[in-house]
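Below you'll find the structure I mean.
All chains are identified by letter, namely A, B, C and D, in their written order; residue positions are counted from 1 within each chain.
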Amino acid sequence: MKNTFGQSVAVTLFGESHGEYIGAVLDGLAPGLVIDEAFIRHQLSLRRPQGKISTARVEADEFHIVSGVFNGKTTGTPLCILIPNTNIRSGDYTPNIPRPGHADYTAECKYHGYQDARGGGHFSGRITAALVAAGAIAISILRQNGILIGTHISRISDICDRTFHSYESDIETLADLAFPVLDSSKADMMRACIEDAASEGDSVGGILETAIIGLPAGVGEPWFDTVEGMLSHALFSIPAIKGVEFGTGFGMADLRGSQANDAFRMENGRVVTTTNHNGGVNGGITNGMPVVFRCAVKPTPSIFQEQESVDLAKGENTTLNLSGRHDPAIIHRARVVVDSVAALVLCDLLALRFGTDFPK
Amino acid sequence: MKNTFGQSVAVTLFGESHGEYIGAVLDGLAPGLVIDEAFIRHQLSLRRPQGKISTARVEADEFHIVSGVFNGKTTGTPLCILIPNTNIRSGDYTPNIPRPGHADYTAECKYHGYQDARGGGHFSGRITAALVAAGAIAISILRQNGILIGTHISRISDICDRTFHSYESDIETLADLAFPVLDSSKADMMRACIEDAASEGDSVGGILETAIIGLPAGVGEPWFDTVEGMLSHALFSIPAIKGVEFGTGFGMADLRGSQANDAFRMENGRVVTTTNHNGGVNGGITNGMPVVFRCAVKPTPSIFQEQESVDLAKGENTTLNLSGRHDPAIIHRARVVVDSVAALVLCDLLALRFGTDFPK
Amino acid sequence: MKNTFGQSVAVTLFGESHGEYIGAVLDGLAPGLVIDEAFIRHQLSLRRPQGKISTARVEADEFHIVSGVFNGKTTGTPLCILIPNTNIRSGDYTPNIPRPGHADYTAECKYHGYQDARGGGHFSGRITAALVAAGAIAISILRQNGILIGTHISRISDICDRTFHSYESDIETLADLAFPVLDSSKADMMRACIEDAASEGDSVGGILETAIIGLPAGVGEPWFDTVEGMLSHALFSIPAIKGVEFGTGFGMADLRGSQANDAFRMENGRVVTTTNHNGGVNGGITNGMPVVFRCAVKPTPSIFQEQESVDLAKGENTTLNLSGRHDPAIIHRARVVVDSVAALVLCDLLALRFGTDFPK
Amino acid sequence: MKNTFGQSVAVTLFGESHGEYIGAVLDGLAPGLVIDEAFIRHQLSLRRPQGKISTARVEADEFHIVSGVFNGKTTGTPLCILIPNTNIRSGDYTPNIPRPGHADYTAECKYHGYQDARGGGHFSGRITAALVAAGAIAISILRQNGILIGTHISRISDICDRTFHSYESDIETLADLAFPVLDSSKADMMRACIEDAASEGDSVGGILETAIIGLPAGVGEPWFDTVEGMLSHALFSIPAIKGVEFGTGFGMADLRGSQANDAFRMENGRVVTTTNHNGGVNGGITNGMPVVFRCAVKPTPSIFQEQESVDLAKGENTTLNLSGRHDPAIIHRARVVVDSVAALVLCDLLALRFGTDFPK
């Protein structure tokens, strides 16, 4: 289904980096949900570039909801959000020489030269602004149903943040942090690491960790439309994400079953697990514990060092020296995109499970 | 879409561990493809339990293709494969006490007690036999189009196999190995590790690494239906898989952009990359290099040590001592399931890209 | 999605007329629904050939539910029904000469000669036995939720049945009629008309009229997934159906708005309409009145008169004289297929609207 | 999937009658297709109200393509079209009293009062302007591939147009007619009939007939995704359409098989049929003959006569006297919507069949 994701609640993306608008259509929301425009604005601000550790291209991210909302509430019909592109400098790209690590070459293979290559076109991280605006609505809806989402930078290079201690308060803390790290002493070290790479014209990647609390047990399907499968399907759309793991994930290779199994226990009349190696999902279905996952974020491919590439027009090797405006790290900006994508997927799973009046 | 995956080439699964049949319907195959029943049998044999390192439940895995094949070739209409369940001992399970790490509890939450809990029912790894039979057909088709898939055990505990050296010959080597390890000296160490855990009533997990070669560039979509998203969506259905990473994956956190970017180079008139940190996919679309991914496999949750659980009928804590037949490791058996699922997804992506007469 | 229909409740068909089995996988049913095998048998009997007005090929239609049912109730996981083909005489077909009005030629165009042409293969009306078995389950479920479906032969040639008077009792009457006509005096005339055609080696078509009562208001979508769109999409799969109209349908051309508008009125605290020209659907969404539609059924294309055709192997004109076993009319047998397809679509619409525990 | 239709080529609709914009996202087009803005403008003009036989609300229908087009050609990424609403008079509606024949009441049932009821909101025929703009692109693409579509008013009341004689020239003739009738003498009679109804505050319906020529044989699926099923699914979204029939359609009830069967014949080395009772489709798949279908269009429900309705707030009977701007007939305006929807569905079917570089 290409640029549409979701079955009952679905998001459709459109736009290019240097086009007139980017945007999203969000369909299948329950009617009567309050739209909090200030929160959308806040979420977009978390995605916006930040000083030395980000690109110099800063967009105002004015957004217009042009349908699907009436008197401040969802109507239940498709909600279209438009975000104008304003700060465009199109001279910055050399389309014949694909940037290593970017989609320039694969776009050429798929679109035969007709793609709008300016600024990465439809592949640009710019498109994620539309995902964030749509996702902000999804996050609001989940919150109204007692479901909270939060993501922090778990690691950049060898600097590790602590993991979640108290999910609810940690998630609240993260909600307002532009550089989302739970241990603030590590935040400065991470920023320094990014600036260090930037000073060499280089970039860094890292790992994001997300927790979702308040989900009911019994959501998801045993085959194919598992919670893990649905989330990862959408998460891998986020540019730069190259890995997704749930619970202990790849660390499972180091454990024995006696360590990895999450024992059940009654707690206040509710079934809980004493550990959460499975990240809140068994057999593809939520078990009521926090859904925890991590995403690997590759270093931003746009760097200011000379790189080997090819000239597609001439069919010969060449070197590439990028100019323009680029991020030495996008992990802190990608955080809100991960939250947004996860929230959109969960709204879909909940509406599939409980019907189109839910989540309400 | 629950138990169906795929848009142009789609697989639908059905069956329970202790029912009459499990099976799969494979729809959307091009007409005229040769069906190699011996190869299906071979693939099923790779999934079958192996001596001390596997469960004592061994199934003959007789399969019947009851539609979609005529004169030994696909007709283009739905191909249904049935696999009878024969070796069943249903006294082995205590449904009220959910097994830690299993789907027993989440099945209860979703199906309200109506699920067929015997042997894990529809959640059982047994269902993967149908995936393997369907996947064998997909693997054959890809092979006829010059596309090869192979998976090895990359790691169990701290024992690591070497990675792929020469993709084509390594894949050929793996095709016949029941215990798929490229460095045969490591195979014995891994087997010993599994037996060691088994002797303590325990189990182990590990990491599988897969390579796919021969894919054309330009397959996949920029958003949502990325190659990574489509593959991970399906791969997370495989019981025990808790992480999927492409290329360098989570290792990206340790790299700078100058290291992670895969430089382009002309080679025999073709664009290639000098490294493959992106695992053959840029911007969600194949770039013509090998697609490489790794799956984290958790330790088998069925262990023979006393575990903490709850009695769902009584709503109180209890302990669980499993009897029955269980695998101390399933990673070597999961390998062929991973190959199968990947092949099914690729057939779908290729048919979406090139039409329903492809792959042919 | 080819041979699968439905989003939350989905049916997948497989099989060929002369293969080992035909069957269906029915996925997404709520757990805990009672399966009434006697009713499935009854519905299959309504589809079975009847004496002089039908083909001489009579199948026992033994069916086996091989998954998705446990202790007589749905588990919520995919329910697979197998129906063996037993009464097969494959010498009856001449594949190189396509039968006019049949899918022989289009099958050749799509499947390039690899289709199983015996008995019409996957295009055969035989496949509808699987739809009827799956549909019987859907009809039972709807009935448990107070939703009833019934179809009668509205017209054959110039012989017209009366329309529905009292929906509930008319539907009950039809449930047991093998030749479903509300005015029994017309039934004999219609049968005579069919026999008359049969005696000349010819066949007849007609019109089926269906009513569905008990549906809640507010089901369906304004665009694309309208109730009319979803029903017609699936109904046009039924071999021989060439038209679908809702309410007054094509008769709307003869009315003015003042006649066609269905006035609203309060009745026992409920909003009803005084007429039902819109067939229970406004703007694609149910309004709580009976959903009424009619299907045009073309005359069975297999006739015993010499017909003009072509020899596809030689690329030249030829004549065709069919032998074999064929129906001079299928409208009375198609009735239960229409009911089945409609019930499957409604289960899907209801589960999309109210969640996967519904219809229960 | 609600407001999205299509699998490989998909259209997503958004907007309300009195909102800021209506629009459509058209995804999955092949790259490099020339966008003819003048043709889009022309098609929108065919949908625009015409003097005495239409509403007094006339919209400029300025459209903006904000993504998916670069240098006048499709990029292959989602194409979003925006159409501003300018001519709005919102005082014209009384939301508590549902208009008979409209979706006011069903919208209330589905959206619980949160719908934007002004001007019919998301149910308004206004939304079809976005379908027409998107459809114009699809029609252009088909034309570049030798596939032509045309629709005429087959009947209004008892005034019948002639049917297609010479498909190609008839379709060319219709392309520029604002009141699309093949026999111009009938056009005046039909217009008079509409004006006559209008003078009494009433409205009329009718029948549209569509022909599509140049389609390759072998497109469509045997079950569910038949050509008839796909087309009708989308066509029933068009407000006021209550019936769809292919070929001879409901007239099949009057024929015997010997009359209804379309005999095959070789013509210039190509298989053709001597008649076209099946409307170009056998077994759900195109046979290379013109695809011909008819749509029943109900009389416009907005009339200026007193009507019986209910007051939903008070739960009591009342009468309704509409004011505002309404069409006494929409059949001539619906024509281009039918062409548009059909073209969109065909682009999808062709891309599914031949891959995403087609139609080119």
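The working rule: a contact is a pair of C-beta atoms (placed from the backbone, for glycine too) under 8 Å apart; a residue touches a chain by one contact, two chains touch by 3 or more.
Just so we're clear, the structure is a prediction, and the values are computed from it rather than from any experiment.
By residue number, more than half of the contact pairs of B-C reappear in one of the listed pairs C-D, B-D or A-D, namely A-D.
In this structure, the chain pairs A-C and A-B differ in their number of contacting C-beta pairs, and the larger number is found at A-B. Rounded to whole angstrom units, the spacing between the C-alpha centres of chain A and chain C is 45. Distance from the chain A centre to the chain D centre is 38 Å, each centre being the mean of its Cα atoms.
Between the Cα centres of chain A and chain B there is a gap of 26 Å. Contact of a single residue of chain D with at least two other chains is seen at positions 1-4, 7, 13, 77, 110, 122, 222.
Looking at the complex, you find that chain C touches chain D at residues 1-5, 7, 13, 98, 100-103, 105-107, 109-110, 122-123, 127, 155-158, 197, 202-207, 217-226, 228-230, 232-237, 239, 241-266, 269, 271, 273-274, 277-279, 281-288, 294, 296-303, 305, 307-310, 312, 315-317. Residues of chain C touching chain B in their complex: 1-4, 7, 10, 12-16, 19-23, 25, 27-28, 31-32, 64, 66-68, 70, 73-80, 82, 110-116, 121-122, 357. Partner chain B is touched in their complex by these residues of chain D: 7-8, 77, 222, 352-356, 358.
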